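Presented sequentially are two complexes of chain A, the first with chain B as partner and the second with chain C.
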Partner chain A sequence: MPPVTTTATAAASTSPEVPADGLVVVVKQDCPTCRLVAPVLGDLGATVYTQDDPAFPPGVAVRDDTDLDASVALGIDVVPTLLRREGGRETARAEGWDRATWRELSGVADLGADLPEWKPGCGSRTHDPAVADAMLVRARGHELAARRVELAGLEDEAEALYDRGWTDGLPVVAPTPPRVLRMLAGTTRAPDEVVAVVPPNLVPATVEKVAINAVLAGCRPEYLPVVLAAVEAACAEEFNAHGLLATTWGAGPAVLVHGPIARRIGVNAGGNALGQGTRANSTIGRAVQLVIRNVGGGRPGEVDRATLGQPGKVGLCFAEDEEHSPWEPLSVERGVPAGASAVTVFASEGPRGVVDQISRTPESLARSLAVALRGVGHPKLAPGFDAVLVLSPEHVAVFDEAGWDRARFTTTLAELLLLPPEELARGADGIEEGMPEPTRPHPKFRREGLMVAVAGGGAGKFSAVLGGWVGGPGGSSPVTRIIEEA
Partner chain B sequence: MHDLAALEADGIATTFVASSEFVTATDAQARALGFASVPAVYVAHPIQDRTDPEMAALADEALPRVLAAVTGAPPTA
Partner chain C sequence: MDSPVTVVLDPTDESRPAARTVGPRPDDLAGRTVGLLDIAKPRGDVFLDRLADLLTERGATVRRYAKPTFTKPMPTDLRAEITAECDVVIEALAD
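Up next is the complex of A and B:
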C-alpha cells in the first residue's frame, strides 16, 4: 500500500543531463520492438537510455532512466525512439523501428539488414498509469505544504483515517499527494491562497487544505471550484457557522448550486435530487462539512452540541433545475447575474416531504404549501427559523399554468403565512410553547427568510421543506457566492 | 471563547456563563485555543424553559462565582 500523506514528498524534477549533440535512443526492455532493435544499438554511436531495466540492452553502455526524467525531458511518447540533437535542440526523430529512417538518421547504410523493414513501437513508460502518480509528485509535489502523515504498511487505510478522527464516520478517500495534486488541477487558484478562516477554531483554510478535504469526501477535481465557493460562503460572518455548529438545534450547512456549472459537473437537480446516488450531490456538501471538522475543529460531542442532528449533516447538496423551471432562477433573485454559476449555503435540516396530489389551482396548492411551511421549528413560533421550499416540477407547473411567476407565488405565501396572534400565544391550543403575549399578526418567516428553488423528478405532486435555523443576526443568514471557474 | 481570548489579550478580565451541558464544548474550544484553564461559570441546565423568577434565581446563585471569575486568576495557557 502506498504511504498516505498530505504533503509534498519530493522537490521539483530536476532537468537531467541529456546530450546536446548526437544521437539518442530511448528503449525499454518490456517492448518487443526494443528487443528487436537491441542488436543494432551498439552500431549507432548513440546515447542509449533505458526506461525499465538498466541491464538492457545487454552489451551496450546505457544510461539508467528508470526515474524517467530524461524521457520526460526528451518528450518521449513511444519506444524505441531515435533522436538526433544538435546544439541542444532536437533536429530529427524516428518512433518505432523504421529501417530507412533509422539508416538516414544514423548514417549507417547497412543498419539492421537482418531486421524487418518496419515495426511499430510501444508506449513510453511515461504514459504508464502505474508511474504517472510518481511523476506528478516529482513535478509538482513542491506545491504542497501540508504535513506528511505516513501509515504503517499493515494499517488498513480506511480504519487508519477513521482512527485519526478525519472522517464523519463514513470511509474517506486517502488524500495522497497525487490525489491532492489532481484535485488542485480543478482550480487555477494557488494552493497557498487562503480561502476562508474556518470556525470554530478560526483556522485559515488554504486552497490546498480544501482540496485535501475534497479528496477525503470523494469529490472529482471539477467539483473543487464549487467546494471552494461553498467553504467561503459557509465561513462568511453572516452565515455564523460557529453558532450553527454550537447550537443544540440539528441544522447544518447545505449547498445549493446555481448556473451552468451544475449541469457541467453533474449536480443532480432532477429525480432524487435530495437523495443518494449522485457523486457531486453526495460529496460536495460532505467536503464542506469535512473542512469544518478537519480544519476548523468542529466535531460532534465537542463544539457541535446538536441534540439530535440529522443525516443531512453528513453533507447536503443539490442544484436548482434552471433548465426546466418556468421561473427566474433563485440565484437571480439573490443578485447573481443570469447565466453565472454560484452557490448558496444555508442552514438546513433534512428535507420533509409535502403531499398535495389533488390541488389544480394555484390558490389551493399555495395554501397546502403554507400549512406545511408553518410547521418549521414549531407552528406557533413566528418569525424564527428560515426555510427553503423545494418545489417539484408538477407543483411548479400548477402555478406556471395559471400565470403565477416567482414573485406572485412568494408574495402569496407570505400573505398566507401572516399568522394570527391568538394562534401563536403561549397556551393557545393547550400548548405551552408559543409566543409571549403576541398582539398582532406575525409573519412566519422574516423578510428573505424563505427561499424557493425548483428541483425534482418529473413525476410526483410532492415538494419538500428544508427547515433551517434562527434566521438573521443572532442566527444564520444564507450566503451566496459566485463560483470562480478556470 | 474567542471573545474571551480577545478581551483577556487586551487586559480586560472576562468570564462567560453557560449551562452545564456546555462543559465539554468549552473544554474542546479551550484546548484548540491553547488555554489550560478558563474561568467559566456554569449554571444548571436547562435554560430555555425557565420562567423569569427561575432565571433570576439562577443569576443570583451564579453571581458570586461570576465575580470570583473576573477578579481571580486569569486564564492560563
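Up next is the complex of A and C:
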C-alpha cells in the first residue's frame, strides 16, 4: 500500500469552513487509534475536526464536526485521516496511523516517537448506519417538495396513516424523508419530473409522489422504475383508468412485467406467481393502486363504484416466465424489442383456475381452455370483456411438444371461441341474459382482446384466466411501456 | 419528556377542496329548460322518455343530451353545452 495517496481528483469542498490550505486531521473519540495519536495532534499545526466529542482530544483546539458536514466535504472514510490541502484542493492523504507518512506529510521529523510504527484506523462516523438517515436528509432533503406532515409522538404510525385516508386498508410503511430519498435512489429520473396525469382528478404525479406511494406500498427502491412505467401506462388515455375505476364491474389495473428487470428485482413468474409471498409481486401493483387512490383521488365508495370488487384490487403484479417459456415472449408480440424490459398494465379481475390433467394433445387442451375462457363475464356475451390467459409450464409444454407456437395457439383459440348465434341469443338455454337477436357467429374476444402469458410453478396441469373489462375504445385497452432505464 | 415527532411526506395531491355546496333549487320547472342526459347505458332512454313527457306536461322545455359512452367521463364540450343551454339537468344512471 502506498503510504501517501495523492488525490488530485478529490472533490472540491463546498463547505466554507474547510481550510483551503494546510494540514487537516479528522478524528473521533470512539476510535482507539485516534486516542493513540491524540498526544501528537497538538504538534502538527493542523486543523483538527472531531466527529463525535468536541472535547476530544483534550488540550487541542478542535472544530466540532458532530454534524459531519466537514467530514462529508472532505470525503472521510477512515479516522484518523491526515490530509494536506493546497489552494482549496487536497494534495495528499494518509488514513490510519502510519508514523513515516505522518512525519513526511507534517514535516515534523520526530513525530510520535513513542507511538507504534503503524496502526490501522476505524471507520468514519459518516459510515455509521445510525446517522445515515440524518446525513441523507441533510445532503438531499432539499430535493423533496411534498408537504411534510407531522405525526404526534403518541400517535401509532400505522393508525395515523390509515386515519388520514392514505391506505388501502392494509398497514403501510410511513413515507419518512429518508425512506423516500432511498426510494428515489432507485431511479435516474429527477424527483420533480411529471410521470403522468392521474385520473380521476387528473392530477400531475411527480416522480417524488410516485416514490412516496411506493414507500407506502412497501416497495424496494429497485422496483421504482417498474412502478413509474406502470403508473405511466395506467394513466394513458387508452387504458381509461377513470372508467375502469368508476365502473360497477370489479376489475382493476394489473401489472405484467416483461424482460430481464423482472428477474433482476425478483418479480415472481414461477410457483405462486399470482399469489402471496413475493415482495415485488405484492407491492408493485399496490403502489400503482395507491397512486390512483392518493394522487388521483380514486377511492372506493367515491369514484370507485365497484359492486363487489375483488382482492386483486389491492394490487396484482406478476411476470411472464420468459426464461423457461418455449414461446416468444408476450412483450415481443406487443412490439417490445427482444431483451428489453417493459410493463403491460391491463384491466383484471382475480384469477380463476382451469383444470385439465388429461389432455395430451394440443387440440384437446386448446378446446378445454377455450371452454374456460368462454365464461369470462358471461358465457353468452361476445365479444364481452378482454382477458388474460396465464398458461402454466405443464400446459404450454403440451403445445410446444406438438410444435405449436404462440401464433398457432392464439389463432386456434380464436377459432374455437367464435360462438354460434343460437347459443348466444337471449333466452337460449333458458337464460334471459345474452345477445339481442344475434344472426351470425360472434368472437368471444375482440382482436387483441386476449393476451397469453406463460407463468407458474413446474408442477400442475392448471392454468388461470384473468377476466378483464370492456375492451377497446369503448372501455380499456392494455397498455405496454418500455422501461427505458432498466 | 416530549414524545418524538415523526415527519412523513404527503402522498396525496395536497388539495383540500372546500366542501361543495348544493346549488340553489328552482321553486318550479315551468318555463325553465331541463336537460336530460343519457349516459348511454341500456334502457336509460326509457326512463328519460317518460321524464320528458312528464316535464313537458308541467310546462318545462326539455332538451336531450347523450354521452358517447358510459365508460368514460363526459366530454368537456358537452358539459359546457349543457351548462349554457339548461337551467336544470337530470342524468339517467341506471341500467
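Rule of thumb we're sticking to: the second predicted complex is superposed on the first by the 470 of 486 C-alpha atoms of A that agree within 3 Å, B and C clash if a C-alpha of one lies under 4 Å from a C-alpha of the other, contacts with A are read in each partner's own complex, and residues count from 1 in each chain.
The definition used in the following text is that a residue touches a chain if its C-beta (ideal position, glycine included) is under 8 Å from a C-beta of that chain, and two chains touch if they have at least 3 such contacts.
Owing to the predicted nature of the structure, the values given are computational and were not obtained by experimental measurement.
Participant: Please tell me, clash or fit, for chain B and chain C sharing chain A in the overlay.
Facilitator: clash
Participant: What is the contact status of A:169 with respect to chain B (first) and chain C (second): first, second, both, or neither?
Facilitator: neither
Participant: After superposing on the shared chain, does chain C or chain B touch more chain A residues?
Facilitator: C
Participant: Looking at the overlay, what does A:277 touch: chain B (first), chain C (second), both, or neither?
Facilitator: A:277 contacts neither chain B nor chain C.
Participant: Under the stated touch criterion, which partner chain does A:430 make contact with: chain B (first), chain C (second), both, or neither?
Facilitator: neither
Participant: For A:201, is the partner it touches chain B (first), chain C (second), both, or none of the two (neither)?
Facilitator: Once the two structures are laid over each other on A, A:201 reaches both partners.
Participant: Should A:299 be classified as contacting the first partner (chain B), the second (chain C), both, or neither?
Facilitator: Touch status of A:299: first partner only.
Participant: Given the touch rule stated above, what does A:88 touch, chain B (first), chain C (second), both, or neither?
Facilitator: neither
Participant: Across the two complexes, what residues of chain A are contacted by chain B and by chain C?
Facilitator: Dual-contact residues (chain A): 200-201, 297.
Participant: For a test of understanding, state which residues of chain A touch chain C in their complex under the given definition.
Facilitator: Residues of chain A touching chain C: 144, 146-155, 157, 161, 166, 174-177, 180, 200-201, 203, 208-209, 212-213, 216, 240, 242-243, 247, 290, 294-297, 470, 474-476.
Participant: Which bits of chain B are touching chain A when the two form their complex?
Facilitator: Residues of chain B touching chain A: 2, 21-22, 24-25, 27-29, 32-33.
Participant: If we count contacts the way the header does, which residues on chain C are in touch with chain A in the complex?
Facilitator: Within the complex, chain C touches chain A at residues 2-15, 69, 71-73.
Participant: Name, in rising order, each residue of chain A that touches chain B in their complex.
Facilitator: It is residues 200-202, 246, 248, 297, 299, 301-303, 305 of chain A that touch chain B.
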